[in-house]
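Here's the structure, in C-alpha cells; my notes come after.
We call the chains A, B, C and D, going by the order they appear; numbering starts again at 1 in every chain.
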Amino acid sequence: MVKKSIILITIFTVLIVLPLIVPRFYVYLTSIILLTGLLATSLNIAIGYCGIYQFHHAIFYGLGGYGTALVITKTNLPYYIAFIVGPIVAVLFSLIIGLICMRLTKLYFGMLQISLGSLIWAVVYRWYSFTGGDDGIHGIPVPDFIADAKGNYYFTLFVVSISIFILYRIINSPFGKTIQGIRDNPIRTVSLGININVHKLIVLLIAGFFGGVAGMLFVVVDNAVFPDMMFWTYSLEILIMVLLGGMYTFWGPFIGAIIIVTLRTYLGSITQYWPMILGLILIFVIFFLPQGIYALIENFVKGKAHNADS
Amino acid sequence: MKSIKNLFFVLLFLIFVSFAEGADVIKIGIVDTYSGPATTFTKDVLDGFSFALSQINQKGVLGKKIEFVTRDDKFKPDIALTMAKELVLKENVDILMGTISSASALAISDFCKKEKIPFLVTFAKSDKITGEKGHRYVFNMNENTEMAGRAAAKVLSMKNFKKYWIAGDDYEYGHAIANSVFNHLKELNPKIEKLGETWWKVGETDFTPYITQILSAKPDFVIVATGGAGMVNFQKAAQSTGFNKKIPFYQHTAIELSTLMPQGKNAPEGVYGTANYLFYYPETKENKEFVENFKKQYGRYPKSGALYGYITAHMIAKAFEKAGKIDKEKFIDALEGLTVDSPVGKVEMRACDHQIMLPTFFGITKKSPDYEFLIASDIVSIPAKDYMPTCEEVLKQRK
Amino acid sequence: MLTVKDLYRDFKGFMAVNGANLEVTKGEIVAVIGPNGAGKTTLFNLITGHLKPTAGIVQFKGEDITGLAPYKICRKGISRSFQIVNIFSKLTVFENVQLALFSKYSKTFRMFSKASKYFIDETNSILEKLGLLEKKDLNSELLSHGDQKVLEIAIALASSPDLLILDEPTAGMAPRETERCIELIKKLSKEYGLTILFCEHDMKIVFNIADRIMVMVRGTTIIQGRPEEVRCNELVQKAYLGDIC
Amino acid sequence: MNYSGILTQLIVGLSRTMILFIVSSGMSLILGVLRIPNVAHGSFYMIGAFLSYTIASFLGDVSYSFWFGIALAPIIVGLLGFFLERVFFSYLYEREHLMLLLLTFGLASVLGDLVKLIWGAEYRSMTTPVFLQGSSEFFGLPVPNYNLFLLFIGPAIAILLWFIFNKTKFGKIARAAAADKEMVSAVGVNVNLIFSLTFVLGCILAGLGGALVAPIVNISLGMDHSLIMEVFLIVIIGGLGNIWGAFLGSLIFGITQSFGILIWPQFGIIFPYLAVVIVLLIRPRGLLSSTW
C-alpha cells in the first residue's frame, strides 16, 4: 500500500517537472497521452468494471470535443462554460443512447450503440454549416494561460488527475463494488435486491461524462476537433488500449493508452503500415496476454517480492 | 578512466558533427496521403518534387542540400495535424508542404500560422486556403476550385448550351467547383438557366441512378463536379449508359491522365475537361525534356501532381537563394512575386494572396492512335491572368 | 409464511409448472423433490420473480408478491441460491458477502466513500458462521467448488432473509463437502431460526433434514407432508421413489 | 422527377442492394452459427475484388476472363478464410464475443495492409465483361445490363443458400449447431468441421460480393471499411443467421439510402441508420427470427 503511493507520488512529481526539462514536442505528446489515458479509463468503467458492451465510446469523446469547440467558436460565452458544456453534451447523449439500448444486453447492446453512434457521426460529418463537416473545426482559440504547450499541459494534467482520482474513488466505493457484482453475475445481483438497470445507466453516464472531459481536453491541447474522433474504428482502438493494458484493472487502460499513443506517434511517422502493427499487437495480446500488461507487471513485481521473502 | 575520457571526446565530436550536419541541410517536411486512392495523385507530387531536387542538389542552395521527410496523413485532418506537429516540434523542419486533402491543408495552415512556419500546399484545391483562411505563412502551389471554375466558365460561355444541370460530390470540393463554374457562367452569359441539381455522397461508386435521373430531365449540358476516384467511376457509368453520347458534360480534370489512363480505350469520348498539365501539350522543348527525363527515371508519364511538385521544389530553392540565408520570414518575403521556369512556361507566385499563377488547358476527350488511352483534343490554353480572381476579390474574403 | 396457490407456467404450450401448491410456515425446513424436469427450478424462479407465472398466486407474509421484479421480492425478505454456482467470481470472498450488505442497507449508490470501511464486523461474522473467514481475502473464483456453494449461501444469508431458498445446495459436491453443507443447513435453521425452502436430488439428505416435503411430478404437486407421510404415499412411490417403504 | 425516372432509379438501387445482400448473407452465417462479429468480413470482400481484377487482367481481354474471376476469386478467399479459421478463430470460440470482435478487427487491419503491400495503394479499375456492356431501355431510360445481371444473381444466391440450409445434411446440422453446440457434438457430429465449413462459406460469399462489385467501382483500399458497418447493421436488423433477414435488411438499407439522397441530399446517408434504429426499437432482435 505504502509502496503504491510512493510510486504514484514519484510519477506525479515527474509529470509536474516534465515541461521544464523536455522539448515541446514531448510535452505535447504527454498531454495527448494523459487525455487518451482518461478516455481509456472511462471506457473501462463501463466495459471492464460493469461488463457493458460499450462499443462506441468514441462518440462521447467526440461529443465532448464538439460541444466545447462549438461553444467557443459559435458563441460569446466565457471559456469555462465551454469547458463544462462539452462533458454535459456527452452525458446527455449518453443518457439518451443508454435509455434506448438498455433493453438489450451484450452483443445486441453493442451493435445498437454502434448504429446510434454512427447516426450521430453521420450528422456531424454532414452538417457543414454547423460542425464543419469532414473538415472539422480547427484553430479554436483557448484562453491565453492555457494556449501554449506548457499551459495546456498543466491544465490537462490537473483535470486528468482529478478525474482519475474521482474514478478511482468510485471504483472502490460501494457503488463500484456493486457494478462489479453486476458484471460478474447479473442474475445473482438482482436476487440481492439490486436494480441493475439504474446502476448500469449511472455507469454509462459516468463513462460518457469522463469521455466527454477527455474530448474537451483534446480541444484545449490540439485546438481542433474532427469527425474521425467519433468514427467507429477509433472506438475499437480505445478498446484495444483497454484490453492491452488489462481490462479488470484500474491502471491497465491508462498503460494501454500510453503504449498505443506512443507507438502510434513513433511508428506512424516512420511506417505506413501502422494498422498492420496494431493488428499484430492485438492478435498477440488476445492469444498470449489476455489479462493485459498491467497484470503481467503486477505478477512480475509480486513474483519478485515472493522470491525476496523466501 | 582514460577510456571514459576518450569516449567523452568521441561523444562530443559526434554531437558537434551532428549539429554541423544539421546546419548543412534545408529540411522540408511533407505531410500527404500515401495510403488509399489519393496516392494516385500524391505519388506524382512526391516524384516531381524529388526529381527537381536531384537537379537542385547537384549544386546546392546557399551551399546546403535540400532534404525532405514524408508523413502519411491517411487523408485524415486529425492525423495530418499530428504529423505536422511532429515534423515541426520534433524534426525541426524549416518548411512544411503537402496535403491533397483540403481539410488537412486547412488544419495544418492554422497550426503553421500559430507557429510561424511556411506551409506550401501542393494539391488541396479549396479556395479557402489562400482566400478566406489565407495568411502570411500559407502558399498554394496549385490551382483552386475558384480558378478551375472560372477557367471552365470562360470556355463554356463561348458554346451554345442553354439548359444546364449541376451534379457532383456532396462535399465542399464538389459544391465549390460546381458553383464556381455555374456562377461565373451566368455572369458571362446571363441567358443560361439551371434545370436542377443532383448530389451524391462522397465515395459513391455507382452513378447509374443519378445518370438516369439527369437523362430524364433532358438538359443541354451537365456540369459534373467529382473529385478523386469519383472521376473514373462517373466516366465508367457514363460510358456504360451511353450518357456521353446523349448529353455532353464537363468535369474538371476529365482530360487528365489520372482519369483517362485507368480506363484504357474504354473511356467515354467527347467529355469536356480542364487540367493544369498534359504531358503532350504544350509541345515545347521544356515540356518534352521534362517528360522524357521524368519517364526515364520513374517509368511513367508525369501528371499534374508532378508539375506541382516540380514547381514547388524550384520555388523553394530559388526563394532561399534570393533570401540569402535560411530564415523563414526572409524566405516568405523572397517567395512573394517569385517567378520560375517550368514545363508549362514561366509561373509566378502572386504576392498579394500567395496563389501560384498557372495556365489551364481545356479540351475534349478523344481516342488517339498514339496511346493506349484517350487524350484531350481541341486544346485551348487559358493563361493565368485571364481567369484568376483579382487580388481585391481574394483579399476581401479574408477581412 | 409462503403460500403458493395453483401456480401455472406455460413455455410455448409446455406446462413446466402445472398447478403447484406449496405452504411453508415459519422456522421450517421444506424440501421440494421430484424427478428431473419436474419443474422444481421453474417453481423457484416463479417464486423469486425471475419468471412470471401464467396463472396462480404467490403470497409471502400474507402479501401478494406474484410477478414482482426479483429485486423487489428480495427486499421483501426472500433470498436464494442457484443450482449452478452463482457468485461474483472476480471479487474477493469478503466483497461477495459485503455486496449483499450494501444492497440490504441501500448503500449501492454511495460513490465517494471507501467500500472497504463498510460492514466489516457484520461481514466477518457471517463468514465466520459459515467457516469461510480464513479465506476472506481470496479471489472467489479460486475457491473450491464446495466453498463456492457455501459462499453462495453466505451471500443469500447476508441480506438476512426471512426465507432462504436453496436450489440443489449440494449439487456436484464431494461426499465430505456434502456432509458439511447439511450440517450447515441444519445449523442455520436451528441456531438462527431461518426458514428454508430447498430442492435436492439426494433422498438421504432430504429425509435427513427436511421437516416437510413437497413432491412434484410433471409440474404438479402430488403431496405435501411430513417425511414419513411422503415416504409411504402410494402415488409418490409409483411416480418416483420406487419401493422403499 | 417523373415516375419512369423513379422506377429506373428503383431498379438500379435494387441491383446494388444485391451486392450488399450477398456480402451480408455471408456475415449473417458467420454471426448466426459461429457467433463471430466478423469485422474482417469487409477485408474478404476487398480481397475478392482485387483478386478478380488480377485474374481478369492476367487473362487479358477475353470473354471468359470475367467468369474466371468470379469463380476463382471467391474460392481463393474461401481458402484464406479456412486458413484463418483454423489458425485463429478455432481457439477462441469459448471466449467472450468481445475477444472475437477485437481479433477480427486485428485481422482486418493486417489484411488491409497486406492488400496494400501486394496491390499497392493506388486504385484499380476493371471493365464490365463484353456481353454485359451497354444498357437496356426501360421506359425510355437506360439501365445498364450489368445491373440487370446483378438483379438476377442476388435472388439466385438467396435461393441457393436457402436450399443448402434447408435441404442438405450439412445445412441442417449447421442450423442445429447454431442453436445448441453441445447437443450436436454430443450426438457425434464433428462440430468443428461444421463451423469451419460455415466460416469458409461466409468468406466465399464475401469474396463473391467483391468479385461482382469489381467492374462497377474503383477497387481500392478502404472499400472494406466503408462496407463493413453497413453489412453489420443489415445483419442485425435482419436477424442473425437468417438468410431472408439479410435479404430484407439489405432491401431496407439500400432503398432508404437511395431515396434518402433523393429527398434530402445533404443528410441522405443518415436515413439508413435511422431505419436501423427504428427497426431495432420495434424489434430489438431483428426483423426475422434469428434462431432460424
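Criterion: a residue touches a chain if its C-beta (ideal position, glycine included) is under 8 Å from a C-beta of that chain, and two chains touch if they have at least 3 such contacts.
Just so it is clear, the model here is predicted, and its values are computed rather than measured.
Student: Between B-D and A-B, flag the pair that has more C-beta pairs in contact.
Tutor: B-D
Student: Name the chain whose C-alpha centroid is most distant from the C-alpha centroid of chain B.
Tutor: C
Student: Give, as an integer number of Å, the spacing between the C-alpha centres of chain B and chain A.
Tutor: 38
Student: Where the centres are mean C-alpha positions, what is the separation of chain A from chain C, in Å?
Tutor: Chain centroid spacing, chain A to chain C, equals 42 Å.
Student: Round to the nearest whole Å and give the separation of the Cα centres of chain C and chain D.
Tutor: That gives a centre separation of 49 Å.
Student: Would you mind listing the residues of chain A that make contact with two or more other chains?
Tutor: In chain A, 128, 272 touch at least two other chains.
Student: Which residue numbers or ranges of chain C touch two or more of the other chains?
Tutor: Within chain C, no residue touches at least two other chains.
Student: Could you pull out the residues of chain B that touch at least 2 other chains?
Tutor: Residues 34-35.
Student: What residues of chain A sit close enough to touch chain B in their complex?
Tutor: 23-25, 28, 128, 133-136, 138-139, 222-224, 226, 228-229, 265, 268-269, 272
Student: Contact residues on chain A for chain C in the complex?
Tutor: Those in contact with chain C are residues 166, 169-170, 172-178, 180-181, 183-185, 187-196, 199, 202, 248.
Student: Given the complex with chain A, which residues does chain D contribute to the contact?
Tutor: Going by the criterion above, the answer is residues 35, 37, 39, 88, 91-92, 95, 97-99, 101-103, 105-110, 112-114, 116-117, 225, 229, 232-233, 236, 266-267, 269-270, 273-274, 276-277, 280-281, 284-285.
Student: Could you please specify the touching residues of chain B with respect to chain D in the complex?
Tutor: 34-37, 39-40, 43, 170, 198-201, 203, 205-206, 208-209, 211-213, 215-217, 229, 232-233, 236-237, 240-243, 262-264, 266
Student: If you look only at chain C, which of its residues touch chain A in the complex?
Tutor: Residues of chain C touching chain A: 48, 50, 69-72, 74-75, 79-80, 82, 86-91, 95, 98-100, 102-104, 107-116, 118, 155-156, 159.
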